[in-house]
């Protein structure tokens, strides 16, 4: 089977899902100020030598803004769909409703080292950290999925320098998707998955807000994949031997410029599960399915100058909340699918195959339905 | 438009969704011992006279078993998908992990009276209640959705005698679905909804467990409805003027004979949202979306004779947990759809129309896709 | 044993606990606008005739302000310390972070009827309720404790008219405490408990905010009571035969004029448990221990005129948050103790005795310690 | 002021708090099989050179049993009292209700490196980890408090070898308390705090179960400390200049041999806050207050051989649950106090003083009250 079509997002391939319009980039970076950076580690081939390779992993960082996040925090929320996973940093977000450092995604066994690297980064930016009584600590959110089918995960090959590299390369503009960064070695619905992103805009009368999603996809078995209601997975599953179903997981990051409180952002997080479900996701036992959401609408100074502040807040009304909820559902759905259509085939440890979702037969199937 | 086909479940209409097999009744009553009873209130016609009618409402009760539930409790869990609703009894289920009374569904403003009636019922069954120090109280779970488009909801027409009637009529066997009981006046995806049920069986090597769902459906706008991946809502929405989108809600009750702990039952509850999403559900702001789950595998005596007991428990393993999760997703999806295909047209207050989902065009559309 | 001292709050008796100053009334009504109303039901004597009396119960309502709460909601939060109880209305407060009706406290088996009465009240104030699509429902928070040792709880003697009576009588100013309203029949630490209230003021440099607590106390065994660190319970327990330990419960309502979000109010709720613990509370298995908190600082219109609003918010800073937290702890501690020192002896069903905490020996014991 | 009395636990000093009897060691190791290990890092003196010292920190590990925890997991639960902290591993415990690796405590900025070391340890014990599809990942629980007043916390001086050292040294028997392990550099109520432990036994008729607590104490200001109801903090606070109040935190680990489910263990966790409150704890804004509980009664195989298992479970009954709850409250209270009475004075970075709680004046004050 050949894949002559270049890898591209579903929409670039001509498939338009959902009711809402995407932003210009159809990516989380449509939310002004948000930056994404990757460090991709691809080293070695052949049989697994635990601790030594082959390496198919990486780290992806999402920055709510380009300035010092510790000094200028953003409102945030977290949500656990299925907690079979190793995220760090959730308790403090639940309590305080803020993000104060770059969000990082990596592989399951690398959470510790990536967390430590981001602590180091925060110290570098804030030399008072842990010294000044008013800046005692920093909370780091790290998410993960398990890339062990392709990657020597025991090696914990993502080190501090890769985190720097991801941070330094972080930028607005188009997001590199597929087998990059934290998505270098992940599988989704039995095909090569990885990083995917998408966005939606609300109508001007609903505030014209932008909502974007970025996922690290690593879940599902081949027969489950659904695109636009079409049972793609079932129809394509015989093209090739699928990899054994592994536990899998998904990390979902949501960004918006709507002025939401942490309570409202938490409500957004809950809706991400419906986006997953639209792609056929069955919320499996072994899947660590986590959501992080933040709003860029306001920056909260680390050391406020006053007791109270005046804040613009979105009111909990049907049309606008439903608009945001639908934006979450559609963005997450499309981000998952983009992680598939963007990812190139990756051959990993022990010659394990992470086969790219074949685009020609996909489009042929969709043409009969969604594209008609 | 005429509906010459008799109202029936989706599967009776020849549409088979999902991978798993349903139980013999394809209803929550496939879980041995579970009983369902309805009292349906239909009175009067014409303009709304608040407090006086017309009445299109009712109550539905679900009994985990036919004996005294207070004396023989069952393991249970609850979950809130979206909390814009008025369920009662959730806190104690969260703390103790048990159900000790019939579960009742009714309309939004009737929760108080139905709760009181079930307290009265519990006293009747257990004369010591509130007298004996060891039987101080009883926890009642009542769920609701808002039937105010068709019903004089201000009237709170469901009284104690209707609850008795539902309890007395509760039985195993086929479940009456559609515009009955608590579903008498509800709308779903802009069509007449109501009570729906479905079930799934696990393979013998996964324990052969049975899982059933019963829903009181009252959510969604017409354009959102999806059946088997087909955008039914969009294609049928011009057949007729839809009702104005109302806040809506859904109550979901899950039953299983698998020996699950309250923690495991809670995990089942979380998966119900994916079943909703498969039908197009967008988890709207104004929707009270709640799930209650129980296991019939063990009965817990109100006054135990010993400190500890020996209990058979299901272990948290991939295949069986995933089987149960998929059973939840498929049962909830099909129960929602059955509430639509079973419901007859209901004309309510102010001649508001709850139009039955037209079956012929539905099947024609599905024939092109799911049924091919 | 004679009680020649008139019943009074602990502070009126000369015992000053805590570091912070109370407001002028030392009651929840120190928070401007808050009103409290009681209806107390005392009927009959002698042997229990289930359903007929004797009656020692009632209802207490707390109004965040005197206007239409449905049209002008307030920010709120709820918290469950131990969920063995039957509160209603918690799910919607968790989701939306608002209170939109009077908060009511009553006995365990009366939650349904009180809830229904408050629905009726909301309809009376808002005739559109359940008719207008934008006003489909109302969320009612009802709390309860179990007064069955003194009261014919099976009778559910609190009816709609008693709720009206409590609402009509609700006022600012001093709060009647002890064996009144929902506290008519409750026991606390083996003595007669009931309604108690207290308040604390923050220093002007911390915003000068006011925080008040009101409790319905009904928990604990005699030997556990601690006042100002003194083991009062142990030392007074032999004065008289204590009642058998009953399951017990406590409802705690917190009010503040600080401009807190629902997230911050939830943090306040969590601290209430420390106030309980200071009085010796052991958070028993059978106790339904619940907290509701609201802020009067902002009113949220039911139908907002715009998408966003500007809001003054308190920033999460050490001194002011710690001040509020301490105010919660001290107010709850003192409110519990006031419910004891204010309550008169009540003789209930079957001549069960709810003995007033004897003040002379109490003060004598405290004089050696706290008062020295 | 001289401290001629040797540092010792409160009970060894003759002060007996609470109603229940401690186990023979009055430590978490009274729960059979539980092991505790410390690595204490004390290096350098004088001015802080960030990243280089002086070092006053460490790591403490708690092992539910001495065998391979990944292969033989234990039932567990977690609870967040105040989430201003950086614990790792909580989400998976919430979902699955198990602990599968040693629990580690360390300083706030060292969570990443300690987590990574424990991943490495799990790989060492289980070479299949991350390779075999059935052993994809391991969940590590790491807690922390902030020792930056005495320690060069930026240096993250706890490395993998210190974790090995703590693991290797872990043993049953008496627990070293005070300024050891993760408690080397922490402060509590303005005095030197650190590791503390205590235990309680239930009466034989309540199953004779044992419950133990271990804390890493690092919270509170001097004036708040209460022992046995006596305001020790206020009376001793002028002995010496207290350190500036820092944010502080506490980690609490509970162990029991009672056969509890994760739901029941979670209920135990909630009661820990009442133990804190008895010592004067005010649950401050900046405090990360977390609880982890496990039961040694059953071991759950990583790869079960069957779908279901038979399990002895404790039934939720008043006397035994209340006994366990009281055991939690008393053990946590006494563990916090033992961390104070056991800790020696520590002089840290910049000659910051962590003054040992002076025992003579303490006992003199208590003699007037508790000891009389």
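Note that the chains take the letters A, B, C and D in the order they are written out, and that residue 1 is the start of every chain.
Quick note on the criterion: contacts are C-beta pairs under 8 Å (C-beta built on N, C-alpha and C of every residue); 3 or more make two chains touch, one makes a residue touch a chain.
Since the model is a prediction, treat every value here as computed from it, not as a measurement.
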| item | value |
| --- | --- |
| Joint neighbours of subunit B and subunit A, given as chain labels | C, D |
| Between C-D and B-C, the pair with more C-beta contacts | B-C |
| Taking each chain's C-alpha mean as its centre, the one farthest from subunit A | C |
| Gap in Å, rounded to a whole number, between the CA centres of subunit D and subunit C | 34 |
| Chain centre separation in whole Å, for subunit D relative to subunit B (CA means) | 45 |
| Residue list for subunit A, restricted to those that touch at least two other chains | 82, 95-96, 247, 267, 286, 316-317 |
| Residue numbers on subunit D that touch subunit B, as the complex places them | 95-97, 206-207, 259, 261-263, 267, 300, 304, 306-317, 320 |
| Complex contacts: residues of subunit B adjacent to subunit C | 48, 50, 80, 82-92, 94-96, 108-109, 111-117, 119-120, 123, 127, 129-131, 133, 136-140, 146, 148-149, 153-154, 156, 244, 246-247, 286, 288, 290 |
| Subunit B residues within the subunit A interface of the complex | 19, 81-82, 226, 228-231, 247, 267, 270-271, 273-278, 281-286, 316-318, 321-322, 325-326, 329, 369 |
